[in-house]
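The chains carry the letters A, B, C, D and E, assigned in the order they are written, with residues numbered from 1 in each.
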């Protein structure tokens, strides 16, 4: 769009309600507005950050489920949000769509250099939640699929299910890297796993931490060309609003967070329908961070 | 925290008042704000517009035509278009709902005023009422039942329409639906639907009650005819 | 007194509803405007209280031009009664009646007391006071309408077809009630109707208007019936003009014979062709022929001195003897009006 | 004015983008999908509501159904109903979406059909029977033609409802014009949001106009003019 | 012939609307049901075409019980006219009239031709055929209602207060129209009204019902007026019963004098107290006294042999001479009915 001169110019989807809310009397540890994407894992991570920071005397405001990265990123940049739990690989791909970095170190290094000045990322945690292209066990055996490469020959007859924003992000890269062209891109969102099971899609974009993966007998296809980069949980901060209390606390969390614990927590949320806040609290307590 | 999903009652208990923005209680408050404010605004705007349309008859045709068009506009795209002006705020939901309310209330005010029998109006004139006094003490009171009937429709549909706002993150209880869809789980959906319907019924009931108190002459008529 | 001085009303669309109307409605009398639909009756009436303003000419109220009075003030001093009563549906009967007193700023208590008094005056049970209009019948509503118009005791009353929406029986009783009230109150009443019978019954003077809003004739009812000014009026007066005229001739002067009555047990014979059999308490039983035996024949009665010649004639036509039976208020026979006596009276009436 | 230029800019971006005009996500396809869902839902609603409304209005039995459904339909949140059916029935077919669509559009037709039939002057009904028309003939030849303006009004209100709900239904994965709005919102592609919204609004207005035309053609002037005269 | 054989109608709520009603409505005659509101007139009428089914007793149509006939079939053979006409608003006038022919499966062209014929018959301009009902006045709609009922030429016609919604003048013309039609068509008509004048004007026989659905009296109008069965009927018949009865007495036998007319230029004097001045073309001009000079006095006329004694009496009462002027259809003077002649005729009438 035309980012014209007037104050109303630019993308209206920027002007989220996440504008800094007034003059909060900065307590001991300052003030933080923590946002999250509109899926449960992000809400969970944000809640872990929030509760840990609160325990350190930071005044916290939560803005859960704001939307996709496209929306949230700009909020952090503009200072509307202070902290967002990010995934280093996708963040990098977002900042620099042409990147080829795939390994965690590589990604982190590149990310730190490419981020605009207003933003910073803290330590990446070992906990990882990768995007995958997954198929049902049936499909896998029938089409003898193992990796995304195998998909290229049959993808023209297949329907891909993913969140709505997935297409815009990946369509071109799938084509460039693996030569994938799907018959149709279906915006399935949270119902992707069910859709796979029912057969209304043949390939689905599912997170590795999604407990539905195992529950529904789905198989993630290997990604030999590392199109999906490392996806370690990494806090994204607005530099101006951050302080050392925040940095230390969040780095402390990242150090203890593992893929398994993420999986466990997601299991509780997704299957047991526990509240992300409760699950977060539990984890903090167990790890002596609450 | 046990294994397996909680029952709907457990779920309500856990989420009722967590002190977080998306606790059911907070959603309820948001929902009420976003539905009641438009009802109020619509009434405030529709009264003078309705009065004007009755006084200057040529005004009615274009006004009602426009309101007909407004009423036909689907809410979601209107919310979306409005984002460019008002951003992702409650206002974005409140403005269209106000217009939908007006689309129902303006005709209601006009019908209400037209429901004043001509002979009643004439007698008021003949008895020496000044125009303003006639409007306030004769015509408006007689129009009340029809206006209230319109207001009931507006109240109920506003309350249920607010939930669509969840798709732009401003849906009050509608937030329960998007959340439940993200992490497929029925209790929030049920709670959302039940609370919204209950809110609507309560609002409707209050308006019926208001009608009874305001218009005893109408209630009495019903009692004798049924 | 209300004076129309060459009043013309031309509506914006060019319709001339009233055309140079000049007439007077005298104080304390009922003046009736009558005429076919669209002849300008309502328009004329409503120009008096300025619901409509005259295009030309002027209307005077006791000499003062109504144009010079502020409409709401003018109207508060003029009672107005219309067909559907125009009661306020949202107010109780008592408050409906007290509307103008409230407007005039009377004390609430006083206004209500006045309303209660008026309800009684127009023949309504005080229990109705606390009801709403819809709970009353059409006739009762009309009575409330009259009470409301009278509430502030205005000297002038305008009535636009007030009784035309009620059924004939109630209508008659409302007319009688109005005449009774007027005999007590002596208001200056202008009454609009399209029913010539009503006009003749109620009017001290009747103004017949023709379409286009021209005055065709202004006269007292009797003169109207006997001397219609032209074919239009004659036509409008319709059938039975001669018979209806009898209504204004009293039976007071009617010569009665008292020698034609016999008790029930009488069985002699006389030279008279018919005899009226009277019971012990003086009420009529029936006619018998001069010779005894045979059945009693039907008879018709009239209230001597109170009923009109019309009733007497009707009574005469009901009995084979051709004689009408005169009775008093108790229903006792006063005498018999023979055909000759009636003829005499009619001839006299025809002459004058 | 910058607001307007922005707006026109977004529209230009959306409609000027050739990709938006072809393929499974192109405007013609989305338009057709929207049309299909809307027509299918409306058709089903009409098939259910009109006969039931006629029956209840004609026989006078079952008025409660009408009153309750009218109130409930206004109170039920569209989005909630959609999510509920999708959670209950999955997304393998369009029925989990079509069912709530139909559910929500039945009541306006039902209520108006019922009111239309019941509101017919009883004398007219009487005269029809008095001339020897049978029950079905009275309904078909007299009541329906006279009640037609109201029946069509009900259908129009339903159509409006269907168009709006179909848009919301895109949230649960249904195609149609709502996709542009939902996907655009998710990817922060406001041009797509604006373009889609404008398309939907135009679509709704066309539907509105269409019904006005249908009304003009099908309602006897003896009925519609009489309404005007009043 | 329609026969009510001890017919009772009890509504589900217990109201007895019609109570053991037995009467006959003879073929080719107009039978009028009259009575106060709620007396069961409509109920009785509607039991004939089975819009309502009788609870007890039966109704026979030319000897056949209506219960044995399928209602729609029965109704197609019986014309039915109601108050607001009940025209189909969505159909043009011509199609409204042709409704029953269409139902009976007539050819469309034939049905329309028949409809056009009937429109003319009831006195409507054929141009109305292409209009819709809302474009017609109340009286015109009512005419269409009658035409529609007659479309399939049913032998029986049921009419439920068909003219009560139109104004008095139109009403009179509709009544006259109906009588004219009936003189041509000779249908068996059952007519319901609450207006006794209408009943007397239209009915060959009048059935007076009292509330509760009991028959109070069944008689021809003349008998009804002269011999009301009881106080209820007498009360219901109301005022002027004697005068109205004259309506059924023809002036045919009325003795006329032809020696009382003089031309306009006559200025002699006679022994007669009054002389009727007649113009060159034979129409009356006015009364003069026996001695010349003085103004001409008003006069009243009646159509000799066509008008009733009521009109003759009225005419007599309009002139100071007490004599009624008999004229022919062209308005030419035929003779003069003196007061004596009238008295004679009235006495005769009173006798029987």
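Methods note: a contact is a pair of C-beta atoms (placed from the backbone, for glycine too) under 8 Å apart; a residue touches a chain by one contact, two chains touch by 3 or more.
These numbers come from a predicted model, not from an experiment.
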Those chains that touch subunit C and also touch subunit B are none
From subunit B, the most remote chain by mean C-alpha position
E
Could you let me know which interface, B-D or A-B, is made of more C-beta pairs in contact?
B-D
Most distant chain from subunit D by Cα centroid:
C
Subunit B and subunit D, separation of their C-alpha mean positions in angstrom
21
Distance between subunit A and subunit C based on Cα centroids, please, to the nearest Å.
94
Centre distance in Å when subunit C and subunit D are each reduced to the mean of their C-alpha atoms:
61
Sites on subunit B at which at least two other chains make contact:
83-85, 178, 181, 184-185
Numbers and ranges of subunit D residues touching at least 2 other chains:
3, 6, 10, 86, 172, 182, 185, 190, 193
Listed in rising order, subunit C residues that touch 2 or more other chains are none
One finds touching chains in the pairs A-B, A-D, B-C, B-D, C-E, D-E
Subunit B contact footprint on subunit C (complex, rising order)
49, 51, 71-76, 78, 80, 82-91, 99-100, 103, 132-135, 145, 148, 158
Residues on subunit A engaged by subunit B in the complex (per definition of touch)
8, 12-13, 15-17, 38-40, 62-67, 189-191, 194, 268-275, 277-278, 282
In the complex, go through subunit B and note every residue touching subunit A.
1-6, 11, 14-15, 18, 20-22, 83-85, 87-89, 169-170, 175, 178-179, 181-185, 187
In the complex formed with subunit E, which residues of subunit C make contact?
37, 167, 226-227, 239-243, 245-246, 298, 300, 310-311, 313-322, 339, 343, 346-347, 350-351
For the complex, give me every residue of subunit B touching subunit C.
117, 119-120, 122-130, 138, 141-142, 215-217, 220-221, 224
